[in-house]
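Below are two complexes that have chain A in common, paired first with chain B and then with chain C.
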Partner chain A sequence: MSTATPTTTDRLWWYAVVDHGSRIPELVGVDGTSRVFTLPTERVDLVVSPADPAVLAATSGEVDERTAALAVEHDRVIGAVAAHCAAVLPVRFGTVVDPTSAQHLDDGTARSLATALDTVRDKLEYGVRVVRRPRQDASSEDAAASGAAYLTAVRDRRRRADQKQAAADDEIASLRDTLTRVSDAATSLTTRRPGHLMNEAYLVATGRADEFLSLAEAARPRLAAADAELIVTGPWAPYSFAAVSGGGSP
Partner chain B sequence: MTAVLSEPTAGEPARTGLDALVDLLDRVLATGAAVSGDVVISLAGVDLIRLDLRLLLTGVSTDSAPTLGGTT
Partner chain C sequence: MGPPRDTLADVLERVLDKGVVIVGDIVVSILDIDLLTLKLRLFISSADTAQRMGLDWWRGDPFFSGQQQDGQRSVRGRPERPAVGGDDQDASGRSDDSDRELEDGELEQLRARVEELESRLQAQPTRAGGADGEPAGSGGEGS
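Take a look at the complex of A and B:
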């Protein structure tokens, strides 16, 4: 277990916030070599590791392979800490702090972090996406023997597509209502990609995770009938619910 | 090293594969507590909008799937 370790480095990569006095497992940081440890403050502890300048160079500009790989490593550390601690507040990727000032967080920031930590205590995040998966029907348009038949086939295909879309919209609305009832919070992710009909995150109490997943899974066949695919990912540390307010917020 | 792109078991939430990797990047790069003040030296300036998903298929290096405490 790694607890507070005095460090001579002048920069620390900040992964998460945990309760004061938390013990975390032995872990290496995003650079693959440095040790992850907790930096105690009066109210909460910061999960950090020495920040390699070469690593920091990959955290600005366009996202490339290296940034994506660092993100995977960042999540690895946070996930491992979350498995040991009841409350873990993930910090924005690429946050680098000064060790000395970090140990003396201003009270407003410390209070905000402690409050945010309480909101995610004993909770996990699941991702729920619905993606359009139109089936490739045998084309009656190709087989049309006349122009009129062709236009009829096109109109029928469009009508079927509209019906599928309406059915998918209904199922998504129902799914959203159902999952909201068994979760503590929900949020739409801003990243929408082509074909995405729904991209949301749910904060779920650990004791209700099985119920949440069962209810989500029950929608799969109905969505499939509407030419839509359900994708459930997780559990994640509560990234999407890690907002801080007051002194700690930008 | 190559990305883990195996598909999860049906009915289980994904922690591996492309779907999970997309969700991981959506979360890690765009969410999490944003803390400001004297304590912070720098913040990453990555632009998620520019994220090219083809990168995920070809280049993300990881020996193992991302897991929450290695439970999956």
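Take a look at the complex of A and C:
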């Protein structure tokens, strides 16, 4: 177990917020060597590790594979803390704090964080994505003996594609309703990916996780029949439900 | 047992875009995430080192590569894992390596073509470019 550790470093990499007095497992930080510990404040504790100058350089200068690896390491630490603590708020990648002033988090921010911790307590995040997977269906076009037959085949293929799309839309609407009923909150993730028909995150009570997954899984064959693939990821720390923004002052 | 939890795309989607954002006196620095995401995208889409890291799934992810996914071609180096019993088989049956070989082959053909055209250009007598509406060195090429 790792609890508050006095530090003389002048920079701390900040991973997460946990309840005041929480105990976290032994972990190494994003640099692979420094120890992760909790920095207590009056209401909540900050999960941090000394910020190695090389790590800071990797996130402020030219981006390379190390930057991507650091993002993965950041998630690793948060995931390990979330697996151990009932309530965890992930902090945005790349947040570096001053250890002295961080212990004097302003009261408004601290209260917001404490409230947010209550919101995600004993809950997990699952990602649910539906991706279009059209099947190759050009054999009738290839076999067309004439131009008219070819155009007819193309028209038929497009009609079938429209029908599949409509069926997928219906299944997604049904899936969304079902999952909303067994979750505490839902939010859309990025919609910028072409081919993604649905990309959402759900906040699910740990006691209902199996039910949630079973209901999601039940939609898989219906979506497949509509040329769509269901992808469920998780459990995650509640990244998508930690939308707390605030300012701190000494 | 729950579903597999992450692909790198999923991790980055959350780590870079989600989570608590605190600014103010306690924060020494916070990255410009938009800039970092853009830099990562540029890096991954161009660097050979990405493949060594198993990051070449970016090439097939339209979010990061900027390419339209056609649904018939999977180039994910690290398969996205469906929850239970899902089929992540590439419908085209083509692997990452075959895609890369094809791209490399096309590249070699293009290089050979450029060299051929350059040779022809050098062999031609010098003309006043554009005098007949056709730039120097382009005559006779039908493709």
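By our rule, the second predicted complex is superposed on the first by the 237 of 250 C-alpha atoms of A that agree within 3 Å, B and C clash if a C-alpha of one lies under 4 Å from a C-alpha of the other, contacts with A are read in each partner's own complex, and residues count from 1 in each chain.
Here is the rule we use: a residue touches a chain if its C-beta (ideal position, glycine included) is under 8 Å from a C-beta of that chain, and two chains touch if they have at least 3 such contacts.
As the structure is a prediction and not an experimental result, all values here were calculated from the model.
Superposition of the two structures on chain A shows chain C clashing with chain B.
In the overlay built on the shared chain, the residue A:Arg132 is in contact with chain C alone; chain B does not reach it. By the document's definition of touching, of the two partners only chain C reaches A:Gly195; chain B does not. By the touch criterion defined above, A:His84 lies against chain B but remains apart from chain C after alignment on the C-alpha atoms of chain A.
Judged by the touch definition given at the top, the superposed model places A:Leu105 against both chain B and chain C.
Contacts of A:Gly234 after superposition on the shared chain: both chain B and chain C are touched. Shared-chain residue A:Thr67: touches chain B and chain C both. Legend: residue contacts after superposition of the two complexes on their common chain; A:Pro40 is shown touching neither chain B nor chain C.
Of 37-45, 109-117 or 127-135, the chain C stretch that intrudes into chain B once chain A is superposed is 37-45 (criterion: clashing C-alpha atoms). Put simply, chain A uses residues 11, 14, 17, 56, 59-60, 62-65, 67-69, 71-72, 74-75, 79, 89-98, 101-102, 105-106, 109, 113, 116, 126-127, 189-190, 193, 213, 217, 231-236, 239-240, 242-244, 247-250 to touch chain B in one complex and chain C in the other.
Chain B meets chain A in the complex at residues 11, 13-15, 19-21, 23-48, 50-53, 55-56, 58-62, 66-71.
On chain A, the positions that touch chain B within their shared complex are 11, 14, 17, 56, 59-65, 67-69, 71-76, 79-80, 82-84, 89-98, 101-102, 105-106, 109, 113, 116, 124-127, 129, 189-191, 193, 199, 201, 213, 217, 231-237, 239-240, 242-244, 247-250. Of all residues in chain C, only 2-8, 10-31, 33, 36, 39-40, 42-44, 47, 49-50, 52-53, 55, 61-63, 68-69, 71-72, 80-86, 91-92 touch chain A in the complex they form. Within the complex formed with chain C, the chain A residues making contact are 11, 14, 17, 56, 59-60, 62-65, 67-69, 71-72, 74-75, 79, 89-98, 101-102, 104-106, 109, 113, 116, 126-127, 132-136, 189-190, 192-195, 209, 213, 216-217, 220, 229-236, 239-240, 242-250.
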